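Below: a set of structures, written as structure tokens.
What follows is a pair of complexes built around chain A, which joins chain B in one and chain C in the other.
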Partner chain A sequence: MAILFGSQEWVDALKKVLETSQPYKEAAKKWEGDLYIIVEPDASYKNRHVLYLDLWHGECREARVITDENEKSPKYRIFGPFTNMKQILDKKVDPVQSMMTGRIKVKGDMAQIMKMPRAAVELVNCMTGFETVFPD
Partner chain B sequence: MTEVKVKTGEELNGLGAMLKEIMDTNLKDSKNYKNVEKLKGSVVIRESTSGVAVTLHLNQGKLELQNDAIAKPTAYMEAGFENLAHISSGQINPIVAMLTGRLKSRGNLLLLLKISKILVLK
Partner chain C sequence: MWYFVAPKVVFGQDALSHLAELKGRSAFIVTDKNIVSLGFVDKVREQLSQAGIQTAVFDEIESDPSLQTVQKGVAVMNQYGPDLVVAVGGGSVMDAAKAMRVQYERPDIKPEEINPFISDLGLGAKCKLVCVTTTSGTGAEATFAIILTDTADQRKLSLINREVVPDIAIVDPELARVMPPQITADTGMDALTHAVEGYTCAWKNDFADGLCIKAIQIVFKYLSRAVKNGNDMEARERMHNAGCIGGIGFINALSSMAHAAGHSLGALFHVPHGRAVGMFLPYTIEYIGEAREELWAEIAYAIKLEVPEGKRAATVLAQAIRGLAREINQPLSIEQMGISLDSFNKAMEKLVDNVMSDGSLIVSARIPSVAESEKFFNYTYEGKSIDF
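Up next is the complex of A and B:
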């Protein structure tokens, strides 16, 4: 069953996939740091979504929708316009390519990402590990 | 404190933004800056999977990044995202990466070796 992007059910589903993905666990076994996934409004979608993931040594300790962006001070912020995020989740564009071109941006401790690039890739793979339906 | 400048009017692509952050971090250490302050030339750095490139211009202490590859750089390097990340994080020695084909390079290899002092996080 497809799950609505941006909903608590969606982040719960992502948490479940992260908890069972061996490639993610292996790649992120030294990963320390929480993050916001921020979906910014664009011409095709007017809402803003902020999703919070607390990732620690291959585990997902918390996953939830955030209503007040000041609630947390995560180590990383991954952000981009809705259309670009949707293309990644639809597997129409490669996440690395999106990051390199700047269509999706990452702010935070780059040293850790550089040490564990596969963790970032596997995190995105987990996001595409279940069927997502997008809001109109 | 020396920082890598961005070409006027440009917003760096993702590769450039990442490299700038690494270089700015390294340049906070004056020893690293001393290693590059006398260098002159241009280096194209390309991520091979996406084809995204940036050019780093070095002009006796001034460092500037611009999007895309210029036509005739002094040196050129190219690697996939994971290999670039492993090199930048110091997990793979740049020379080993060159010798094993994980990093493709051409032009002035000595310049590449010298700028590795600011492209590789300690």
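Up next is the complex of A and C:
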């Protein structure tokens, strides 16, 4: 059954996939740091979503929808307009190319990402590892 | 959306004289001691002096330059305050110069922090970068990649940002004439690996494809001649061009698994970059196999290889590359590089760790697991064709 993107159920589903994905565990075995995925409103969707993931050495310690953006001070913030996020999850565009062209932006310790680029790729692969329905 | 980025390329006989047409006040020449001893730095200074440009030389770049060397060079550069940086040398020199230029212009960014996601480096305000290549294959004169060695962590850092691309690439074949056969072979295999990976990686694109195919054709036709007779200036010139063409081709698509494996091996055993990636190339073709069969066939067609009925193009192409490597006395396995089985086994965990975290791996058409990577390295140690 398709799960609504941006909902707590969607984040729970992602956590489950992260917990079972061997490629993610291998790629992120040294990853240390939590992150916000911030979906910004655009012409096709007017709401803002903030999803929180606490990722540590290949494990997902916490995953939930955030209502108050000031609640946490995550190591990374990945943000971009809804349409661009949707294109990534639909596998229509490459996530790293999206970041390299500024369609998706990342703030945080870039040296760690450069040391573990596959962790970021496998994280996105996990996001596409279950059926998603979009709210637009 | 994607970009195609390249410097202004000045190529062919006498391309070096373009330096005399540059505008500027002072140039900081980044090079190594060998290039100085060959007299190339004097030639460069002579051209720059005709343009009224003063020069200072930093000749301390080592093979596989470290972060520390870059920082040392930047300190000297800061004192001199140039408006031109001129790199004269091979890939190590040019990569170090690119990193030094970034830190000179953006002291707030450490070399290891250069990444593809910074969209506003703002380079060019303080100085321009000119790369004069003396080897034929790294393509560093035309790319926006910087390979540095993190000696503390025993790994190579692949740092990429589009703005890092040199302003001008000088591709003068005369500078390649004295290149020893071994370096000609090593860097030539690097050019081939760039072009094959650029043509077949996940980010391949129409703008890069033609350049990659052309570079492959030139390497297959001229590399052996350039290795066997350094004074064969037709071969020298075509290989010098192929290195640059392949560089522009691959950097706009990216290199792939052979580079990931080559960086890993090179960081641990100090094998020259081109020799390492060239040795891995046929194995990665076999490993990726089916996922790119149509593209292997296209490359085979471009270099007039016959793919017999029932045989895979990947196998035929891998064999042809091994044939070329054999012809120019390149190693076909890790063992043939003189690395003992004992030291190889001891390094295995780090070898795999490095390859799994290498940025080049993410664009491979087939990405190995940890277990597959270990198996891959074991096969390449023995020289056994990949069958998994």
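Side notes on the structure shown:
Just so it is clear, the second predicted complex is superposed on the first by the 136 of 136 C-alpha atoms of A that agree within 3 Å, B and C clash if a C-alpha of one lies under 4 Å from a C-alpha of the other, contacts with A are read in each partner's own complex, and residues count from 1 in each chain.
Keep this in mind: a residue touches a chain if its C-beta (ideal position, glycine included) is under 8 Å from a C-beta of that chain, and two chains touch if they have at least 3 such contacts.
Just so it is clear, the structure is predicted and the values come from calculations on it, not from any experiment.
Overlaying the two complexes via chain A brings chain B and chain C into a clash. When both complexes are overlaid on chain A, the residue A:50 reaches neither chain B nor chain C. With both structures placed on the common chain, the touch criterion links A:111 to chain B and to chain C. Legend: residue contacts after superposition of the two complexes on their common chain; A:88 is shown touching neither chain B nor chain C. In the superposition on chain A, A:97 contacts both chain B and chain C.
In the superposed model, A:63 makes contact with neither chain B nor chain C. Looking at the shared chain after the overlay, A:26 reaches chain C, while chain B stays out of its contact range. Clashing C-alpha atoms with chain B appear in just one stretch of chain C from the list 166-174, 220-228, 346-354 or 364-372: 166-174.
Once the two complexes are overlaid on chain A, the chain A residues touched by chain B in the first and by chain C in the second are 94, 96-97, 99-103, 105-106, 110-111, 113-115, 117-118, 121. Across the interface of their complex, chain C is touched by residues 22-23, 26-27, 30, 94, 96-97, 99-103, 105-106, 110-111, 113-118, 121 of chain A.
The touching residues of chain C, when paired with chain A in their complex, are 1-3, 110, 112-113, 115-119, 157-159, 162, 202-203, 356-357, 359, 361-362, 367, 369-370. Taken in their complex, chain A has these residues touching chain B: 94, 96-106, 110-111, 113-115, 117-118, 121.
Looking at the complex, you find that chain B touches chain A at residues 11-18, 21-22, 25, 47, 49-50, 52, 81-82, 85-86, 88-89, 91, 121.
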